[in-house]
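Each remark here refers to the structure printed beneath this line.
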């Protein structure tokens, strides 16, 4: 056999091993499930698009600032308001002569960082509260859910604005402001999932085998809730990015000269009539990233759908 | 017995309302205390003497324990005393009452647009699952949850006002028509029509149409998505098959049977849309220089006018809570399955 | 042994019906394969099978109630000599309303939950007799409810479906669908959600109404003994195919191993106490080989 056919045969056998209907180990079962879900995800062209765009975003955020581009913060007043397509400035410059493409690339890092920070803060806290409420029940459940319900009834954007205003502008405070309004949805979701699983027979079986409540909670219930929380978090990222951009638009996010996309849209307002690209292009970037998260989240929801049998 | 049960449920609802509102008050109170700017210095300025500082501090009640301060805060709020704006020097409550009708007018028009376009779109999409109209509806919904409203507003102004001159520009009316109509209902459109001032009416209309359509887009996206989901669920139910076997024509199956079953949940969704639009106005009004509570709030934010910011937060928050909890009540009143 | 009905006078004719659904991997899942059945006027045909055998879909295909993503193919599908395949949808809907009826498993779900019983029955009435005045309709409705042994027709007519018990709900369905005398009734597991005593009462009422109007019946169920007792002929379905059709009184002499296994799996009062035989499923039953031993 030639090298390519042996490679083909080997990859075919890997696939067979992953898709085997009778996995021989936990690892094989887990990998097989992940592989099946991955196949479903990428078979959907829209979610594939979203995945590609997000991969691009991560790439740009990681290596973009290392590329040879004009400094995004240095003002070159001689080059003010150049339209897109100008030599050396593919997407034009803003009213302070800063290259827009470069600012977008550096801003990608900011946008991604803030969104990831919010999710990293909100999801564990929400899950902890939700699973504790669902698992322990009783007065723990009632108190926690009362607090969650009250928090859910607050207007998100207005409260985030008030918080950001009180704490002062800046990335860190923006993350706090958005996090404080975003956690209740995850607590609710985690609690609903927990309630569904706590009644399952295999949980009773594990308890009878002597598993402590803590072990049940952390090793059984939380991983089960993980998939719906992941789907929800991905879909929420779109909204979080819009909230971050909104705060930035009002000057409450990353401070100038940081190239935060929302702030870039706001700063282009004065020159909107003559130089539409200063505001429009950052807005398109926000739209593209948000859309990508929505598409990916929809695809994940379909891929993780328990009706597929795994 | 029924009366007693109803009374208990009503009491429970009032209690929920009260605790939620108390929570909101607590949050705004703590936000107010967390301000990095010293509120005394904000009033007196940097150069105040130590004794003036102490006197002002006592007068503002800042030397009392936290619980007492909270009590005074709640008492003031319940009496409508939300502090004084640093910017306008008016009581915040007066400012809010003055600007709120403009926001209500915009949000109401946007919601009406959402209902008129979004609901039929959702029904059509559900009826013809996976057809062209279904894809259009899903696309509309997808873009609606991905697009920043302030950006859409700016692009809309650029295209439809600056380039095409199809609509009026920022503001509620052209400056020439300012103060020409007596404001009785709060809605400029209604008041102008009532007064017979048709020039003012059409001018006001040209100014409101773009922001209403932009905000309306979001309500179209949300309402069509929810209507589609509700209708898809209903159309797969058994009673729909029964109706079809009875010989009911398809349009009646869709609108009388399926839609009749989603009318109540849809009403609650519409109420939620309205409260979402009240929030969305915050970022839209600044783009259109619309003189509503959104502009007031963003102006206060940019000038660190914390009393005004917290006052707006309280008012919008209270409305938000009220609408959210009201939808719960609506459900219980109108759904025959829950009534008995 | 198959008893065949003279197709010229048949009420319903299903010839080589196939129903397929799109599956998860771009494959078509064939839920019904090559099913051929006939029903004579006034005859009672039982379709028996386990879950997933395609029996419900077969009944629904006749009524035009398949889900939108289903793909149906048939050599012929006729009602009263009229070609259902070529009929435009509105006409088929009207035909269905006038001449056919359907009873489903759970009246809590098969009746519109936000309309009163009376209103739903009035709707059926108005569609069949367009000129009728409200008073006449109400009289007819109350009479129909009384005919299915409902003791307080007025109260029931003013109730919502979730306020009725299962047995009463099924009787309401019977009143709504059968009281005007349709030529065909499809009953899809009508007693599966009821306890035995109530089921017996409902079947009595159904029996009475059908006999009174000479309605043809297609009784779909998983309960072979019940169908054998209630119907004239029985068709046994498995994995989307009809394995065997025979007269109900000749069920004991059924020849297909699946039917015999089903019969053997039901305990009888007079039989030997002991473990019931476990069915051995022969993959050959899934093949397209004609099940007709003749």
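Order as written gives the chain letters A, B and C; numbering starts at 1 within each chain.
By our rule, a contact is a pair of C-beta atoms (placed from the backbone, for glycine too) under 8 Å apart; a residue touches a chain by one contact, two chains touch by 3 or more.
Given the structure is predicted, the values throughout are model-derived calculations rather than measurements.
Asks: How many steps does it take, at the fewest, to get from chain A to chain C if each step moves to a chain that touches the one before?
Replies: Each step joins two touching chains, and the minimum needed here is 2.
Asks: Report which interface contains more C-beta contacts, comparing B-C against A-B.
Replies: Higher contact count goes to A-B.
Asks: Chain B to chain C: how many Å between their CA centres?
Replies: 52
Asks: Would you kindly tell me how far, in whole Å, the mean C-alpha position of chain B lies from that of chain A?
Replies: Centre separation, chain A to chain B: 26 Å.
Asks: What residues of chain A sit close enough to touch chain B in their complex?
Replies: 146-147, 149-151, 153-159, 161-163, 165-168, 238-239, 242, 245-246, 249-252, 262, 265-266, 269, 272-273, 276, 279-280, 283, 286-287, 290-291, 293-295, 298
Asks: Can you check the complex and tell me which residues of chain B touch chain C?
Replies: Chain B reaches chain C through residues 129-130, 236-239, 241-250, 257, 260-261, 335-337, 340.
Asks: For chain C, which residues count as touching chain B in their complex?
Replies: 60, 63-65, 67-69, 89-90, 93-94, 96-98, 100-102, 104-106, 109-115, 123-124, 127-128, 160, 162-163, 173, 176-177
Asks: Which residues of chain B touch chain A once you look at their complex with the stated criterion?
Replies: Interface residues on the chain B side: 16, 19-20, 23-24, 27-28, 31-32, 34-36, 142-143, 145-148, 150-152, 154-155, 157-158, 162, 275, 278-280, 282-283, 286-287, 297-298, 301-302, 304, 306, 309-310, 312-313, 316-317, 320-321, 324-325.
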